Each structure stands twice: as structure tokens, then as C-alpha cells.
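Next come two complexes built around chain A: one with chain B, the other with chain C.
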Partner chain A sequence: MGRLIVPTKLSWQIGEVTDIVRETPRVATLTIDVPAWSGHLAGQHVDVRLTADDGYQAQRSYSIASPPEESRLAITVERLEDGEVSPYLVGELRPKDKVELRGPIGGFFVWRAGDPRRLLLVAGGSGIVPLMAMIRHRAAVGDQTPVRLLYSSRTFEDVIYRHELERLAGANQTLTVAHTLTRSQAPGWTGYARRLDGAMVEEVAWPASDHPQVFICGPTSFVEAAAGLLVDHGYEPGWIKTERFGATGG
Partner chain B sequence: MAFISRGFRGKRRDTASSSRVPPGQHVVNDFPVLSAGPTPRPDLARWSFTINGEVDAPKTWSWDDFRKLPTETVTVDIHCVTKWTKLDTSWKGVSVDTLLEGVDTAAEYAVAFSDGGYTTNMPLDEITGHKAWVVYEYDGQPLHPEHGGPARLLVPHLYLWKSAKWVRGITLNKEDEPGFWESNGYNNHGDPWKEERYWGD
Partner chain C sequence: MSEMSDLKLDGNAIGGLLGEIFNLEMTSAEGTCGGCGTVNAVGRVDVYMNAPGAVVRCPACGQVLMRIVHGRGRYWIDMSGIRCLELVEN
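On to the complex of A and B.
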């Protein structure tokens, strides 16, 4: 009957938390040892399922932060004050705790090293996570595709992976990182200090004549604005892949 | 013994309506947006809706003609594969049954297609029999482009990726043709009550 998709069941697996790193006041990275992990692509996500002792369950999706080349899975989670799962992951969970997950999920918002197109990555807040998996993937395999990252955060303290991005951009001329801080800036801040706009896109984005590949991830309003600005900049909608999250990701 | 997450209790904010919340879902009150690319900019002068494929003659409506078709207003619960469920959403549009009136077809499958190239597939009997609509109003207002305006498919008994935003037509097929997400790891059928999220579920 038509084209057959060979189904591979994504089974729930139990991983052990090996490390928790606080990235910002509200964001932490969990490194998880998943013995039967089948591997993943940069940009994919996992479903995490929590189970209370009376059987009550809650599930959410989280982007994978680690590149395919790393054996242990890392997810970076922002704690949402009204959330159900994120306050547990960022707050309650400790190393050696077990966590149930399944994945990897998603075959569209992915980037593979070797793609010759110039890359533009646009991140709003914790939308940096799947894009960081791409940047790490690229670094791990020594890919030299020129990449520009435009990364919008509220304050300097909210910038996730700040040191690693500095180090990677310093070590490799083909990665350029432009930050904008939308809420407050420390004295001496040299990056942008406003919401994404056409002038910023003009300065940071590859010209449309380069036919770049674009990944945008962040809150809905940010993604809508960024994608609209890039279309205005002359990009074809088909070059742009988006991933959005609402405030209710939990 | 079943796995237990040490120290997890949960917020259980959905208990009042839990019989309406499929497994693995939680209720939201806002209306999150999910789509794979930029939101298309609507152009009603060039908009049309088409039924084609395994039919004697394709049917096409302009925006003005489409708006003259008999409408229905439905209040339904919607379920997104990203885990949110929204209860009691109100939509106005045209039943797919109305669009297929007078269409003689041997097709058993349908593919909805949209501006921007998005497609999604369903057995034809999942969108007939008062189960699916092409809607252009949400909550009494014209459907916002972020949510699929000017018009989207609404198939509330399946996960929301089947309710194609910016829909421009339905192709009837004798054979099943996986659509965009169905070719990218998501379930071919997508029944939230069976938790058919991904390939193999």
C-alpha cells in the first residue's frame, strides 16, 4: 500500500544522570548515560517522562544539546516557574538519579556536517540548545562550513553556553557569534542592545545571494519576527527551518 | 517494578477534565504555535481551494466562492503531538463532507496540501462523516496566519499536525502517500488516544 515506512518503535529507556551543570540562574544542562542510545542528529529532541509513586505521569520534549559524536546525551533545560517537568529537572534531580526518556525525535530540524550551504543560526533564549548541538557537531568533525550565529538573550547572565561559544568562535574563524541583549546590558557591553530588527539582520545574516540554510529556534514571537525579517531580507521561505516553543512547555 | 522518578509529585492541574486529556498530554490555556518554517503571507485574491486526484473533474473555489459555502461552527478539543491539549476551541468553516458533495471517487486516502509545500495524509474515511472541516474563523475572529489563516484543515480527533495550516486543497488517492511529518519520524495515523506519536507507536 503505497510507500512503506518501516516502523522502528521508539522505546522508553532509563538513563542515569551523570552530571548537572548550572548554565544560568534558570537553566541547567543534564548529562545522561543512556546505555542503549541509538545515536542522534544535531537538532533532534527527546521526550522525557516523569512518574510519581502513585503512577501519575507527565511528559515533555527537550532539545538535545550534545553532538552526535558524544556518547552521553546532554539536554539543557530552562526552569519555567509554572512548569511541571522543568522545575523537577532543574532543581530536584541529582547525579545518579534515573530519568526515563525516548528518542531521538524529529527528522526535519536537523543539520548534518558536510552540507555545503552557508549556515545562519538564529536563537532566542533557550532556543540556542538545538543550534548548539549543530555548532558542537561541526566542531567535533572539523567541518569548515561558514556559520553565523545571531543569539538574543534578555541579560548577560541569561546567555547560555557563553564561554564555550567564545572559545569556539575564537578558535575558528569560520564561526561568527553576534549577541544581542534585549533587557539590560552591563557597562562596556559591545554587542547589540535591542530586539532583533532589519538593520541587525542586514549586518549579521548572509546576503540572500549566498542561498544559505537557516535554523531559527526560540519563543513563538521571536521565531515569527526572525523568519519574517529574513524573508524581507530576500531569503526564500524554503531555506528557513523553524522550531518554536510557547511559554507552556513546562 | 515500574519506574518511579524519585521525588516527583507533579502538579496534577488537569484532573478536573482528565477524561478529556489523552495519555501523555497536558492542558494549556494559551494557544502555542508550531510550524516548520516561516508563516506564509496570505493573498486572498490568489487563494483557491481544490479537490483533485482520483476524481472525474477537480473542484476549485475562489476565496469569495468558498466563503459562500454552508458553514458549521464546532467546539472541539485539540491535541498537539508536542504534548499540549487545548479544550473547548471554537471554529467556523466548511465541513469536508460539504466539499466532497457530488464527488465520485474510488480513493481511500487523502493528502491535504498547503502554501509553503506542507502535506499531511489520512485515510479518506477519517475526514468524512462529520469529522473534519476547513475552518477560517477561530473564536469568532478571522483565523490568524500564525494559526493557519486564512484557512486550515481541522481534524480534531487526530494529532494537530494533521490539521494542516494554510491549506489549499485535498488530493484524493487510491494509495496512502505519507506527508511531511509522516515522512519525518511522526506516526502515519496519529490517534492521540492511542498515543500514536512517532513511527512504530
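On to the complex of A and C.
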């Protein structure tokens, strides 16, 4: 399963933005029509390239948010103020604009419906995006693998896909979502209100005896802290797949 | 973020770069570290992009596995730190 090599002809393609949805004050989802899109797997990403008038190019990777079952590609992008690419994608780009991209990329950080292992998903900030593709994939095919999502955001307003997660968890008892807000909480907040820690992992994560499969995505420091806590919880490092985004993002 | 640790990425970040060189999905290929012998999927190794090229290190011992520089229409790929790279036949 983990070592399937798929030959890819990785060439740059032009897509047309069909829709832009603001998810949070700093995050937007771009739906892109890519004429010869080959399809993708949940967890994969694309590279997006911008070319300035003088020929200067900047390129960044963005996780695919849409499930394989949807024909149009969606990426969710967080605007980083000092970034070279994201302020253009979130702020300046409009429907009908063209974007240059290539993909899908990646075969390691991928989940396929039908895998019988229980699933633990751990997201820090916009690290939710590839995990959301997995949750949507699971919902689209009616997969009943029990899933728990532990999702850390700074504030309530920063929670991406909040309504959709609520709806999906409400409609299907095999999906459980636990939020933690690390910076500020509104009055009446009933979720966690701190950084990930051992007690939270103890309450939310499957017991090690379940031998679950784990996907963690977020900033490097978050990913490493979460993976460390799960190993302390008794998980084998081999059960855990991680994807980090760091200071080169944006 | 300016923490040092956030300069570290993982092999997923060079999936596109490796794909353009090898024309294969490389993040699930497995490499054996020439230093300590640990076997890791490319998606699991440490990657630093804040250099003139990409520097790939073994997450277990820190040995440089691979250096990739792209420029002037060429690629330079130093793989001297990898003892063996295993790809599954399609």
C-alpha cells in the first residue's frame, strides 16, 4: 500500500479559476477548472507557479482540498503577509483568471477509502486541508472507517471548514471532531483551549492497541510535537505519516 | 514563524522537483541512509529548501542523503549519502 509508484508526466498546466470562497479572514478556497486533469488521491498537492512580467517565477505547493470524486480541483490557501505567492492567490485573484499548476504530486501522504485501519487525523491551522480531502473522500464514497480529527486553530474565526465539519460529524457517528483554540476563545467555548498536550492526546486519540493509521499536517513545530505525543501515547512511528509546511511557504 | 525548526520540511515538499527529474512519483520510494542504514520513505526524510538547492537529510542520524540544485537549464543531483533507493515497479 505505502509504496505504490505511479508514473506521472509532471508538466505545467493552465487552469481557470471558477470560484473563490472566503473560508476565514486569511484563508480562501479556489476552485480551478483544469481541462486535462488526470484525477488525484486524497492527501496529494499541486505546485502553483506565478510568473511576473519580467520573467521572475515563484512557486509554492498547496494541498488539494477537494476529494477525488469531484471533477473540479479545489485548493485552500492561507494568506501569509510576507509571502510571494499566497497574497496574490488570496486577495488579487478573481474568477476567470488563469493559474499555472502541476500535479497531482505525492504518493506517501495519501489515504484511500477501504483501508480498514482506524484513522486519526491531526491538523494544525491550514494543515487541515489535505485531511479535509480525506474526510470528504470518505464521505463521498460512504466509507465507515472510524475517524477522529484533532484540529488546532488559533481562534474560532481561524477554524477552516467549521460548518462543513460540524455537518459531517453531525450526520455520521463514525466521524468525531475535537477542536482546540490556542490563542483566544469566545465565551461559552466548550472545546479545548490550549496547545496539544499528552492529556488531550489521551482523550482524543485511539488507544495504541487499535493500531490506527495517523496523518498529521501543520507547521513543522506542530507536526513534530504532535508526532512526539503520539509516540509517547504508545503509537509506532511507522503508523504516523506527516506533512510539514514551514517558513518557505507562502 | 522564525523558529529554526520551521525551516525544516519533509520529502513531500520536493515531490514536484523529484517528479520533474525522474518522471515518477518519488515520495513513496524508500531510501537507505548510507550513514546509519535507516530505511525511510522519501516523504519521511528531512528537507531544507533555504539553500541554493534542496538538502535532504536522514531523520535518524542527520546525514546528508541528497543535494539537488536546479539552474541554467540543468540539474545537479548528489546522491552520495543514499546507499540504495527502492522503487516499486508499476
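In this text, the second predicted complex is superposed on the first by the 242 of 250 C-alpha atoms of A that agree within 3 Å, B and C clash if a C-alpha of one lies under 4 Å from a C-alpha of the other, contacts with A are read in each partner's own complex, and residues count from 1 in each chain.
In the analysis below, contacts are C-beta pairs under 8 Å (C-beta built on N, C-alpha and C of every residue); 3 or more make two chains touch, one makes a residue touch a chain.
Model, not experiment: these values are computed from the prediction.
Engineer: Does the superposition put A:Glu224 against chain B (first), chain C (second), both, or neither?
Structural biologist: both
Engineer: Looking at the overlay, what does A:Leu10 touch: chain B (first), chain C (second), both, or neither?
Structural biologist: Both partners, chain B and chain C.
Engineer: More residues of chain A are touched by which partner: chain B or chain C?
Structural biologist: Of chain B and chain C, the partner in contact with more residues of chain A is B.
Engineer: Let me test your reading of the model: by the given contact rule, A:Thr242 touches which partner, first (chain B), second (chain C), both or neither?
Structural biologist: both
Engineer: With the two complexes superposed on chain A, say which partner A:Gly107 touches: chain B (first), chain C (second), both, or neither.
Structural biologist: both
Engineer: Could you tell me which stretches of chain A are touched by chain B in one complex and by chain C in the other?
Structural biologist: Common to the two interfaces on chain A: residues 2-3, 5, 7-10, 47, 61, 105-109, 220, 224, 241-242, 244-248.
Engineer: Along chain A, where are the residues that touch chain C in the complex?
Structural biologist: On the chain A side, the touching residues are 2-10, 45, 47, 61, 102-103, 105-109, 219-221, 224, 241-248.
Engineer: In the complex of these two chains, what residues of chain A are touching chain B?
Structural biologist: Against chain B, the touching part of chain A is residues 1-3, 5, 7-10, 14, 47, 49-53, 55-61, 84, 88, 92, 97-100, 105-109, 220, 224, 227-228, 230-231, 237-238, 240-242, 244-248, 250.
Engineer: Quick one: in the complex, what on chain B touches chain A?
Structural biologist: 2-13, 24, 26, 28-30, 32-40, 82-84, 109, 116-117, 146, 173, 175-178, 180-185, 188, 197-201
Engineer: Touching chain A in the complex: which residues of chain C?
Structural biologist: 1-3, 5-13, 15-16, 19-20, 23-25, 27-30, 41-44, 49-50, 86-90
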